[in-house]
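Look at the two complexes coming up: chain A is in both, with chain B in one and chain C in the other.
And then the complex of A and B:
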């Protein structure tokens, strides 16, 4: 009984400590949602977490101010496309680098990893010229092609390679004995077994694409082609000053898919960051 | 008829030659065991037969056909791996039927063959479980079942029992022996455990440094080893090899070949004797009591250590002076090259 009581006390203490620690993270989030329901005057008035007057019309105005639904859809489909393409290419390339013996495989991997060391800001101008030469300015193609084949794609390939390296080779031998081709081994054995790595890559890639700001800013000019991060910075009045209530309402809507992903795949997200050494 | 014929088989990894010309004739329905120390190439040889590794030189015939360039899945062989290699994302049923599915065997035929194999191996209650829900022995049985469903001409086993505990290993060993009796299919089995080799094999192939050292029945290898290596590798505890100068007097009256320089005596063929019958004396350094017998480590006067199995009477104390003698008919003589004479 005493041991049980100690455990309960211990648990309560931990829960309180964790709740206190969570405050700095949760409070801005709640403030954002609350701000989305306030008027601009109330936002800059005496601070309250619960709005004195609930302005639900902010959320309607978000959609009338600019083509927000279209922009939301743009972000969703671009992030989904980038994720699917990255998963396909990174898992194939990662498998090849991990399992196929060919001259220069190590050198190729080194070359790819070296490319990660070049900051994106350095490559954005050459990329702009490249995309312009291809006639793809003000289209969504650069937002798909650059992440898939750029540093984010390399990170994904590297993660997949590391995972495939750890898969037991005997399973692949068994697949070969069962009559699978190399592609078959990848599809039927390696891929189903690498679900944790695929989930990790999917989450990282989706989040990266969802949050992309610099590329849309440079490559897009039409409002209806904007993605969410760009659209969020566009809720300004005629003087160019931010419409805080609309921005906060729109941001609250923009985090919904991310929240859903986090809720569904909490464990994978933690694993993914552990796997990649990337901070959230 | 599925004979397996190896003619001058070689395997190189880069500049390193692992298999250096192996000739072997495996009869239909034979149970052949490859044994040898780590790194001798026994698993590589098995992988060459399976088709998982490409043969660098020589010819491999299975069922009378040259199969050097035939892919693994078309050689009519099935392999049981050391780690079982069960697909973790598939149930036992799907694991067993996977190969048939890849070969586009109709679903009804697939189900029939899986249930037949499951009945043979008593796997029916486990068919809908995942490999992670099975014990080591059950996993091993599933791995064997997966091999059986394909009706292969040749079974290949790569140290299939080495991940099991001692008790289960004995049990699975007898199951594999029973399976061989029931199926009468050619089986090639790799192990480093010589008890497995001795108990299962019709024929043992002792490999050393990528070459065949000796081929024969377990009794042949035990009673008539052709080299010191085989003599010491087969049998546990291993055979004592003594320089003839030290070991000669152990059995007065034995006829010693002229070229012999060393004599081999198995520990079970040595006994403690009266000093008048033997000039081989030593001190007991260690007495290991195992229940049925006592294994004595006797340090001879010449400095050599000799193992003796004593199965009758009380064992001498550590430090006791003893005399050893052996049956002259049980001695093995070896020449300068380590060949039996």
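And then the complex of A and C:
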């Protein structure tokens, strides 16, 4: 009886501690949304969580201050493009590395591991001049090419390889018997079976591109080409001071949809990160 | 075989059928990996070679062309420029603050959340939420909350009678603020890795030890912790590397200030390379960063290996 009682007390203490600890994880989101509805005077006055006056105009001004709709669209289509390309390229390479024993495979793996170890900050300077030589400054190309072929693409390749290694081979052998080419086996048998891995790669790749900052900062200069993180950091007045209410309104617009998707699919999303973390 | 009968002509297969098959397999494999491989050559290996060359040149806005200066840039960084050691010091402080805090918190959360109980999904979701949020968005909100006057954090501190500092305007407080907000942003990832590791430990071990009369702490110290060692190593390496790479968070929250108090290596490289256009010097800095990351990784792996023997 007493053992059970201590267990219950123990649980309650833990839960209270966890609730307190959760505050700095939840509160910023609430404060962000609340700040997005406040007027400038209220932003600098005594802070309250519920705005005294709800200023919905902030969410209109966000779109007039910068081409925010265009910037939003940029982030969406770039992340979608990067995701589709990564899925295609990484699953092709991952399949070959898992299923075919070929000369150079070991060396290639070694190279790819190396690409994981080298921080992007190291290669970004030469890549800048490479992109400039290609005439692609202030275009979205570097934001697509560098992530697809950079460390993020390597993580995706390893994830796919790992998944294919664990798949039973029999179905693919049967496909070969039926006259499918290697490419046909990959497309018609291996890929449909690897939906969980493809989903994981899609989730981490999309989010990585969506949150990308260094590359847009370096390569983009015109406002209508900005992506969301760059646009968000750009809500400043002519003195370079932040226009807090607009910035927070814009940040809410960028963050809340992702949060809603996360809340709906949290299990899948967390698992995807766990997979890539273990691999990376 | 059946797929392309035309190529498997009788002459070839009669001589050495395994060779043709193997060659074809190899061609197919390289075709499959070619996009990855070509991209790797262009956007990784090429730049990696180029950075060694860049680091030996003087190349800036004044001298539009790169001139060979040998190890001049490295001398400049390591021996002459006081900024460099200040930046390294900041990076080390950042790592020394972030890594232990992150790992201790991640492990505690994982231990609390690795068993099913009421609310476990809620807590996991909450602690992981900042991980999927952009670092820029996270830094914007925290910068807003950490203002000296009227910031939410100082307001809350005032309730319990503490007069909070102007967090992001004083070098030491700014560093502390950047570390703590970064830990909150990223701890969920390590928590998840620890939870996965904890759940793969067979329950029998711990149950047996408890039956033998071991306390919770003894079970953790003698059974759980040693079994977690491989995971701890991976997490430690990844978190340390990550701490040296931190850029967007600092860019948005402090811009390296105040008084260069949060100017860390990744930010310094960006500043030198892309704001001041000291390309040669920035390249040398990038190589030094690469070396630091490599040494740290190898050191941790070797230390742990010795530990486990």
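Please note the rule applied: the second predicted complex is superposed on the first by the 247 of 280 C-alpha atoms of A that agree within 3 Å, B and C clash if a C-alpha of one lies under 4 Å from a C-alpha of the other, contacts with A are read in each partner's own complex, and residues count from 1 in each chain.
To be clear about the criterion, contacts are C-beta pairs under 8 Å (C-beta built on N, C-alpha and C of every residue); 3 or more make two chains touch, one makes a residue touch a chain.
Since the structure is predicted, the reported quantities are computational estimates derived from the model, not experimental observations.
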{"item": "Chain B versus chain C as contact partner of A:168, first or second or both or neither", "value": "first"}
{"item": "Comparing the two partners chain B and chain C, which touches a greater set of residues in chain A", "value": "C"}
{"item": "Partner chain(s) touched by A:180 [first = chain B, second = chain C, both, neither]", "value": "both"}
{"item": "Partner chain in contact with A:29 - chain B first, chain C second, else both or neither", "value": "second"}
{"item": "Chain B versus chain C as contact partner of A:189, first or second or both or neither", "value": "first"}
{"item": "Chain A positions touched by chain B in one structure and by chain C in the second", "value": "176-177, 179-180, 184"}
{"item": "Residue ranges of chain A touching chain C (in the complex, touch as defined)", "value": "11, 14-15, 18, 21-22, 24-29, 31-32, 35, 44-47, 88-90, 92-93, 95-97, 100-105, 108, 111-112, 115, 117-130, 145-146, 148-150, 153, 157, 176-177, 179-184, 186, 207, 210-211, 213-214, 217-218, 228-230, 232-233, 242, 244, 247-248, 251, 254-255, 258-259, 262-263, 266, 269-270, 273-274, 277-278, 280"}
{"item": "Residue ranges of chain C in contact with chain A within the complex", "value": "2-4, 25-26, 28-30, 32-33, 35-37, 39-40, 42-48, 50-51, 54, 109, 112-113, 117, 119, 121, 123-138, 140-145, 149-152, 155, 184, 189, 192-193, 196, 234, 238, 241, 244-245, 247-248, 251-252, 266, 269-270, 273-274, 279, 282-283, 286-287, 289-290, 293-294, 297"}
{"item": "List of chain A residues in touch with chain B within their complex", "value": "168, 170-171, 173-174, 176-180, 184, 188-189, 192-193, 195"}
{"item": "Contacting residues of chain B [partner chain A, same complex]", "value": "50-52, 71-74, 77-79, 81-83, 85, 87-89, 98-99, 102-103, 146"}
